[in-house]
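The structures come next, written out as structure tokens.
Paired with subunit B in one complex and with subunit C in the other, subunit A is shared by the two complexes that follow.
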Partner chain A sequence: MSDSEEDIIEGSGDEGEAMTASEVLQKLEEAWITERISPTLERHQSELVDCMLDQINQMTENLKRCKKHDFRLAIHKMEIDRIRYIISSYLRVRLEKIERFAHYLLEKEANTTEESLAVLSPHEVAYARDYISSLESHFQSLVLQHVPENLRTFDAAKMSVKPNMDSYIFLRAKQETQGVDEEVDLEEGSQHLMRYKPISHLLHSGAVTLI
Partner chain B sequence: MDATEIEFLAEKFPITIVPNFAQEKLYLISGDVGPFNPGIPLEVPMWLGMNLRQRGKCRLVIPPWMDAEKLAEKKEEESQSKVFTEMPCEHYLVVAQLLLSAAPEDIPNSQQVKTLVKDMWDLRISKLRSSVAEFIKIEGTHAKLDRLTLLEINSIRPFLPHAFDHLHRLSKAAYTSKLSQTQEL
Partner chain C sequence: MLGEKALELIKELDRCKDGQLPAFNEDIIRMVLEEMTTLFEQNQRDVYNRLDRIKAMRWEFGSILPADIRANICEPEIQWFNRYNKNLASYMRSLGEGTGLDLTQDTKPPKNLYVEAT
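For the complex of A and B:
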């Protein structure tokens, strides 16, 4: 069996810094928790997902070469199941949010020029577009084409759901930050209940984590 | 989040085991584990420790805080203190639950430990509930929740954040209507 720890993954995440598989897993787990809790869709982490999928495939290949009753087999399989659970839960949560906020997200996507700030991955953009067009054609065939012409206009922008950025979330401070939301000082390691909006930039810079 | 997800997160924390078998180092994706030698204690992730224990391949070394005497002291401290005290383990309830269900015979005074952990949880949760009630009454907009463990925080979710969302919405609505009134005058 090859040593998966020695595979260093280049260029995923932190400005081309090399990360080990366990660090990538750690990051992915954080992204998963954040995505589960955050009221809106966070920046996509497809490099982390792809990297972990590669690791899983590699490990599965290696395991095929193992003897059937090898002691290690069950343990490695269990770990793969655990990682797979994180990945699928993470992607599922994202898809749910994409469906709910499809219009809003695509609009936001059109306004972002920098690729590193993109919230949706290219696949997710395609998914959101497909979803909207299916929804609209569904409305068309079900109702709109049967009503008088002057009622047929359908304004998707008006109907779209936006995430509530003011919703309250629990967070833990990783670094000391002062004067958040004008009056609150976050000490390192302290836990708070606050609105999402004033701390969203801290979340992106990694100064806080959602819990 | 779901309580089962919290349990999942807790399961990656380390626990010490004493294996009864020999095995070379394991190269897991999440990090290396081992080597295993009979009778030599080592740290493994909780999920692995539980699995090995269920297969009768090791003995669990119970974390030092899971001791009836220490827990009784801790409980006393918690009931005397007005604020939340520091817990010996971030996932104390989950860890206790897992260990007690997987290997009650490895734990000295397991019944007593079980009751004490449960008492501690009840104490802290009732403290949490009364502070939440007080907090809503004084109409705060920001809460500090130091020393609360993940599972405890989760027990007031989604209730507390939602309550705050509504309060925020109401105060915003009140503010805008006041603003429009002053503009009319």
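For the complex of A and C:
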């Protein structure tokens, strides 16, 4: 870990407590793995992303001041590449899901009042809206104006895909939880193959992690 | 065959002499209308699947499409591509509180990803 990564960062924790950069990175890695496995889009982690992007930008600046043959240069550069890959991959997986489930996610977003439960970040909301509207106007110009009037409505709901919340995922219990899905007791450290839906709240509370 | 049922209806009417009328064939009419809806939905899916491919090309080739692909897509598709491009660009610019991140880069893990020095 570089010096800059050990700096204390404020305001990224759940209750606003300070986190170190390596803690932020660890959380982001966990979010990345979860996002790749989960059948649906998980809550956005823009704060972690922005924080880590800021970190690697600072690290890159610092490297410019290093002497050319400093042995730390290569190690720091590797670390920067690694973090940038994780962030990009994480955001790419999210964009893919946002495009696929755009309609479903926006509908869900409209019913979410509490900000901390938001699945989409404000920028992602803007992205999803423009994406849907671009599909609509494309169909309008290409298809709908050439068909009989009774068919001339764009049914976005018909074209939208919903995530399969019943798909099975592997998980590891981080803490003991009883009566999951009405019958299963999870022992700390145990691994299970279960449906996503009954365990999604445990994922959000941090009681289990996807593997 | 598509349109066969509709043709059948026309032939049926045609075969009838002037001054006569074949019975209103409700079943066939319903089938023809269903066929129209199915075709329309299929057509929508086709249009959508093409956009999916065009989208993948934005990630592969960047914001300018190769000439041979441009030759095979229609004007509304070019417009859609440009709009997709613009939306993606402004999203990527917004990342990192405005410093931006190009998500079309870093598509493969760096070689050292799993041998982190501790």
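The working rule: the second predicted complex is superposed on the first by the 207 of 211 C-alpha atoms of A that agree within 3 Å, B and C clash if a C-alpha of one lies under 4 Å from a C-alpha of the other, contacts with A are read in each partner's own complex, and residues count from 1 in each chain.
Note that in this section a residue touches a chain if its C-beta (ideal position, glycine included) is under 8 Å from a C-beta of that chain, and two chains touch if they have at least 3 such contacts.
Since this is a predicted model, take the numbers as computed values, not measurements.
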Discussion item. Let me test your reading of the model: by the given contact rule, A:Tyr104 touches which partner, first (subunit B), second (subunit C), both or neither?
Written reply: neither
Worksheet item: For A:Asp50, is the partner it touches subunit B (first), subunit C (second), both, or none of the two (neither)?
Response: second
Item to complete: Once the structures are superposed on A, label A:Met78 by its partner contacts, choosing first (subunit B), second (subunit C), both or neither.
Response: both
Worksheet item: Where on subunit A do the contacts with subunit B and the contacts with subunit C coincide?
Response: 75, 78-79, 82, 85, 89
Practice prompt. Flag every residue of subunit A that touches subunit C in the complex, lowest number first.
Written response: 49-50, 53-54, 57, 75, 78-79, 81-82, 84-85, 87-89, 91-92, 95, 99, 123-124, 126-127, 130-131, 134-135, 137-139, 141-143, 147, 151, 158-159
Discussion item. Show me the residue ranges of subunit C that touch subunit A in the complex, using the header's touch definition.
Written reply: 36-37, 40-41, 43-44, 47-48, 51, 55, 74, 76-77, 79-80, 83-84, 87-88, 90-91, 94-97, 99, 101, 103, 105-110, 112-113, 116-117
Worksheet, complete the sentence: subunit A partner, complex, touching residues on subunit B are 1, 5, 8-9, 21, 23, 26-32, 47-48, 51, 141-148, 150, 153, 157, 160-162, 164-165, 168-169, 172
Item to complete: Using the touch rule from the top, collect the residues of subunit A that touch subunit B in their complex.
Response: 1-5, 21-22, 25, 29, 33, 36-37, 52, 55-56, 59, 71-72, 74-76, 78-80, 82-83, 85, 89, 164, 166-170, 181, 183-184, 189-195, 211
